[in-house]
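Order of writing sets the chain letters: A, B, C, D and E. Residues in each chain are counted from 1.
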């Protein structure tokens, strides 16, 4: 496969962006469909090239197809290259990204129909896809950072797509700012690593880390810095607050960016840097703990959320935590010496990316399904839904498949990838394993809570469908991507992703059921489903009374542990805006500038006083002459 | 103690100081002018004393020129006083404060 | 003798100003076209210079050197090297765009354009002079046009701001003059090239070298500006007319950074090294303090003005990290900030021109009425907050890498990290501002407010193009800049 | 005794007499002004013809060297400009125009002699010749303000003369001679150095001359006299009289009291600092433009005194150059003020509001001159300041130069305030301000000079350098 | 010895009359005391062997200046005012004393280069020679002529009505 074709994978969507932005939008704004077609053609091209690359990688030596760098800039001892690598990790990612992106674009044609910003939407989507593809192909941290920020920008633009909604504008800003806090750490780490090692090249960094040249505190700090970038982008605790709010964006955006791809960039980053990060025991332990904690923490908030997209958002955060946990666990195993280097490096990446891979499909499916529901009901509030099973059978069926997959029910995709993570966690991080188990239960519960609330029971009103013609099933252009995704949500787990990534994992289709772990997790999963059924399906238990009896906990969950309040009200508004900034402002106006104006005033006052000496009395003037003479004499007297 | 250079110099200083006092303390412009003349005369005494005790004739020459200049100054000064008297009807120096500050 | 390119570039605007002043009648169009023509030619010439510049040799090129005032050995000595050439280019570029930005000025047009062109001349002269006295003269020449431009065509407390600007600058240059003269007493020449080659640090006592160094640097500190000498800046920027704000933020501030490198660091590398810690700390304070103050501004122009304080902190950091990379980054940051902030001020000017409102709380939802302006404003904003792909990121990243890796000051890693937090702050204020001004539901009172017209689009897109160009391919400039920086850094290490 | 050496002075004196006599015969009084100007030009030609000669005459009392010719030409130039620009203003003097011209010429003669005499008696008499002429000129309008100005000037001037004479008497008493070179020789050879009488003599001389150059605290007459005197006279006072003061100080202190420079150098340094600071600070608060320029001239004297304190050849060259630049600049400013006040009959700064629209060229010229006074390039004032500051730094007076540069900053405020009023204010009336061609010519000369010296100062500086070298020991 | 006595008498009288000039409130008396003071100074010149100057003093000061002043007093007579002291009386006294003390300190503490013997010849011819000889003070004389011209013109301008 020629290099140019590899480059084209991410350049095609950029080209599409430029065509829409510079030609279609300004000159053909009355033909919005052109933008959609351009985008879809470009992404389809990327997909084809991606698949080609995947196949080529599979056949290549060491599973590396390309790894090229070009010098971009050189000043003194600073040399910055740009370059891409196409190895198995990148290949899996490009295929995932372009597949889902393509499906989402097709879905969007239906979903975004008639929106004033149709062309803009597709332009941004192209830009996003290009950046995301570039991100996964970059072989150099600085180049990666370029795309990293690029996807952040797209996220900002797309969350705030409906900018006239103040909440959307706000959420967009929040998303960008919160992730930027993480990026700050990332950028510092990149610079730090460069200064210590003299390279931005990821491969070289790995070699240095594995050879022990790069180690100790240096490595730990760098690894934690990089991880902080991942925390921000993947919505891990404590930088998770932006992701639920990001649901203000159009649903396909949520599906693509805030579920399947961009938010997984953090996981991808850790995977990409895994050999380096895993070389630091402290760092990888931090990854594991943050991941495990986030998984259960986010899931707990998902239990009570009433907005279907928010439920999915919390779920996304939780699942991303899972992936982190998986890598962390393997890394801890490596650090403790339980796994040898060669195996560990592949295994850590494999468990996380496998889950990333399956998750991308079923989570995109779920989001798009929620979009389909909202297409009919005009709302995302589950309290206003119900009984849609009959009206939207296709949506219901696909949504159910997605939910089961997410809940990790055998033999759907989610089961396999989750099992991989749980397996490693059990082996190397037992405490976190039990947290993860509880999360499995919670996941099953909140997903089926959503299913029951949305599709079962009676329709509880809500507004009329957003398109004004009653409740109805969505058009084909929406349903077809759902169905395709549903298929993937079933079969994605059967694909040998782990093997492809070089990990020695063998789950046979039925053999998986022989392990006790699988059964425990299935029991937890079914328990969750049953509880949801009991409360929301059969209404054996009253949700309200449970909520009341657990009053404080319920409040805590529904208010998201008050973390938004802590950040925004207390830290940002109270401490910074009303506190520090006011003080600084006062200092600036009264002390720094006050000194300047004060000097001017003193001078002026001096002038006003001095001029009073000029009385107009000639004898005063005469006196001054002699006072002057005497003063000079006195001065000379002192001087000598 | 025989009278010597110092005596004359001190005399000149005393006269100069008296003139100075007059210049600063008297309100009538004419008296101020008179006091200035006393100061100039005091300088003249010092000049002549130096001339006498240093055996240089230059001092006396200087005094002649000072006298001439003093006369000219008095002439112009009195003319100015008369001019100002015409417009202000007073020669009180404390009233000359049209311009100040 | 070859064609005196530099003199031509510097004095073309003056000729333009004189012609404008002498043009009979007050045909606004003719005046504006004349101004545009002369600045455009100057710009074209500097572009040509940029193309002809030999990127393989150190030292000044296109030199013009004559004895001027033999009484104290002052020369008319012009030349550009890698350090000054990008700034010359930036100045002529912004000078030309400033004329376009001023197209809608309708008060005392003749005077306005004459002063604007004279202003450009002063700034260009500063960047081209290689004799300290000549440098100082150009440094001061800019004051009067600036004073006039702010105090006649400005808004708000314009007279206060104008005189504050002048007095503050004069205050700084007063010390610089004393320093320059003291330097002359010690070294016997005003020739910057000779001075830089003398190794004055070791010839003079450290007291004397330090004394001269600080006397001179005060002027640059004020101009850049560094905290706590920055308070003239928000006032001047805020009250100046749009084009002047553009020039002020775009190039005038860079005179400070340029002076620091060209004079302070070049002539006293070891002294600069000795006091590097002080300046690095001030830089960090400036970044954070400036950013914190920016966050509480509610006036669009003031907000951008304060953000300049913060961004100039990066320049200071880069300069006093004293490594080749960091200083190159600092110069690139000057160029980049010039374009970005220039564009930001131009955009604020457009918003203000169309809505007659600059207070952020009284603006909102403008993206509906003025989409082009909103988009370009956003691009400028993202460049300002250092988004990769824009010049802001390229410059800041290079500066940070260089500073972090510098070995001049112990603990510079920490200072650099603290400075990088400024990036988070800048995202805060830029995004907050964009959200308040452009997003949210459209306001009825701004219905019918027009978007950018064709001329406005021309210049804002020109800015955007340059921002993206530098962002994606900074090598165009860094290859030139490093030629100017290498010899200076060579002295520090050697 | 070569009378040709005195030809510039004699021709000027002859012109003065001729003007007085002509007054009796001609009806067209405007002729008188141009006759005077012609006389000045003739005198200047004589002076130029003497350039290059270094000779003494009258037993050493008269020195014709580049120094004296430089100053002579400076005074003549000033006189010419003043005479040209008085043509319109002098209508206010009614029947006394001839006397006015004659007195200006006499005063100029006195100043030229001040720069060329090297003997105390002649210096004193020349000083009084200048002084008396100027006292009369200050009171020339004979209204309340003008007379008051004249009388104050005279009485204080006479006191200062007395002080000066006392100082001269002490120096004479110590050295036994009134010739400057002999005084220097006596001081360095006879152990007079450090005696209380010499110190006292120096102090009294400083005070006496300090009065002429308006050094604080001997400056207090300046604002009142400048305000009250007829505007052309004020202009003349502010440049010529000050320059003459510096010329004679250079002569006496550099030449005669050179050996005692340690004592008086310090005095001048301190006085310079005080003078410029007080001049500038008080100028900040002034509302009358003539009064403001009076304080400004005090401040400028402070800058020039840096050169006195420095006591080097470079410094004296710098003083000369500064005086020339200052003369051009200040004259330009005053000429513009004369032109404007001829029309609006006011010297209040507030009344200059919007002047740029009523008299664009005058306003621009005034602005240029004020910028030059501030010391902002490309003007003569800037070059002058740089030169004198450089001389100061080279003489180890860095502290003084720093005070001076800070003072320049302060001064920018009040100079630019006038510019602001003229350029920004609303005009008080729409009436245009026109002026005679004489004023315009004079203004054009000064402004071009200010710019030319600002851009290429060497054309003058090379002469001031030569002049400085010829007379310094 | 006789000279000494003469000096003391003259000195006391001159100081006393000078004091009277500045202390009296009567203008005419002040003028007369001034004339007396000038007379005694002429005497002092005589004790200093400056006979020509003594004569000149009488002519110029007593004659010309004295008369001038009396004329001026008559022309500007302000009977109610007389010759009062101003507000600055005390500062003037203080400064006058300080100045006097300083001067006397300086004068007395200086080692003057004194030649003791009394000159024998009349000074008149010496003065004439000093002024008019080839390398004498001719220049000053000529300038003085110009000065007189200026003074005359000035006085005329100022005194004549418009």
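The working rule: a residue touches a chain if its C-beta (ideal position, glycine included) is under 8 Å from a C-beta of that chain, and two chains touch if they have at least 3 such contacts.
Since the structure is predicted, the reported quantities are computational estimates derived from the model, not experimental observations.
Asks: Stepping chain to touching chain, what's the minimum from chain B to chain C?
Replies: Minimum step count, chain B to chain C: 2.
Asks: Can you give the shortest number of steps from chain D to chain E, where adjacent chains in the path must touch?
Replies: Graph distance in the chain contact network comes out at 1.
Asks: Chains shared as neighbours by chain A and chain C?
Replies: D
Asks: Which chain has its Cα centroid closest to the overall Cα centroid?
Replies: C
Asks: Counting C-beta pairs in contact, which chain pair ranks first?
Replies: Max contact pairs: B-E.
Asks: Can you name the chain that lies farthest from chain A, using the mean of each chain's Cα atoms as its centre?
Replies: Centre of mass proxy via C-alpha means gives E as farthest from chain A.
Asks: Compute the distance, rounded to whole Å, between the mean C-alpha positions of chain B and chain D.
Replies: Taking the average C-alpha coordinate of chain B and of chain D, the gap between them is 26 Å.
Asks: For chain B and chain E, what's the span in angstrom between their mean Cα positions?
Replies: Each chain's C-alpha centroid was found; their separation is 6 Å.
Asks: Roughly how far is chain C from chain E, centre to centre by C-alpha average, rounded to an integer in Å?
Replies: 70
Asks: Between chain A and chain E, what is the gap in Å from one C-alpha centre to the other?
Replies: Each chain's C-alpha centroid was found; their separation is 102 Å.
Asks: Using the touch definition from the top, which residues of chain A touch two or more other chains?
Replies: 611, 614, 616-620, 622-623, 626-627, 629, 633
Asks: What are the residue numbers in chain E that touch two or more other chains?
Replies: As it turns out, chain E has residues touching two or more other chains at 86, 88, 91-92, 95, 99, 102-103, 107, 112-113, 137, 140, 144, 147, 150-151, 154, 158.
Asks: Which parts of chain C, given as residue numbers and ranges, touch two or more other chains?
Replies: 167
Asks: Can you work out from the touch definition every pair of chains that touches here?
Replies: According to the stated criterion, the contacting chain pairs are A-B, A-C, A-D, A-E, B-D, B-E, C-D, D-E.
Asks: Give every residue of chain B touching chain A within the complex, in rising order.
Replies: 20, 23-25, 32, 93-94, 96-101
Asks: Help me check something: in the complex, which residues belonging to chain C touch chain A?
Replies: 164, 167-168, 227-228, 230-232, 289, 292-293, 295-296, 323-325, 328-329, 365, 367-368, 382, 387-389, 393, 397-398, 400-402, 404-405, 413, 416-417, 420-421, 423-424, 427-428, 431-432, 434-435, 438-442, 473-475, 478, 481-482, 486, 489
Asks: Please give the residue numbers of chain A that touch chain B in the complex, ascending.
Replies: 611-612, 614-619, 622-623, 626
Asks: Can you list the chain C residues touching chain D in their complex?
Replies: Answer in residue numbers: 68-72, 133, 136-138, 140-141, 143-144, 147-148, 151-152, 159, 162-163, 166-167, 170-171, 174-175, 177-178, 181-182, 184-185.
Asks: In the complex formed with chain B, which residues of chain E make contact?
Replies: Spelled out, the residues of chain E in touch with chain B are 3-4, 7-8, 11, 14-15, 18-19, 21-22, 27, 30-31, 34, 37-38, 41, 44-45, 48-50, 52-53, 56-57, 60-61, 64-65, 68-69, 71-73, 75-76, 78, 81-89, 91-93, 95-97, 99-100, 103-104, 107-108, 112-116, 119, 123, 126-127, 130-131, 137, 140, 144, 147-148, 150-152, 154-155, 158-159.
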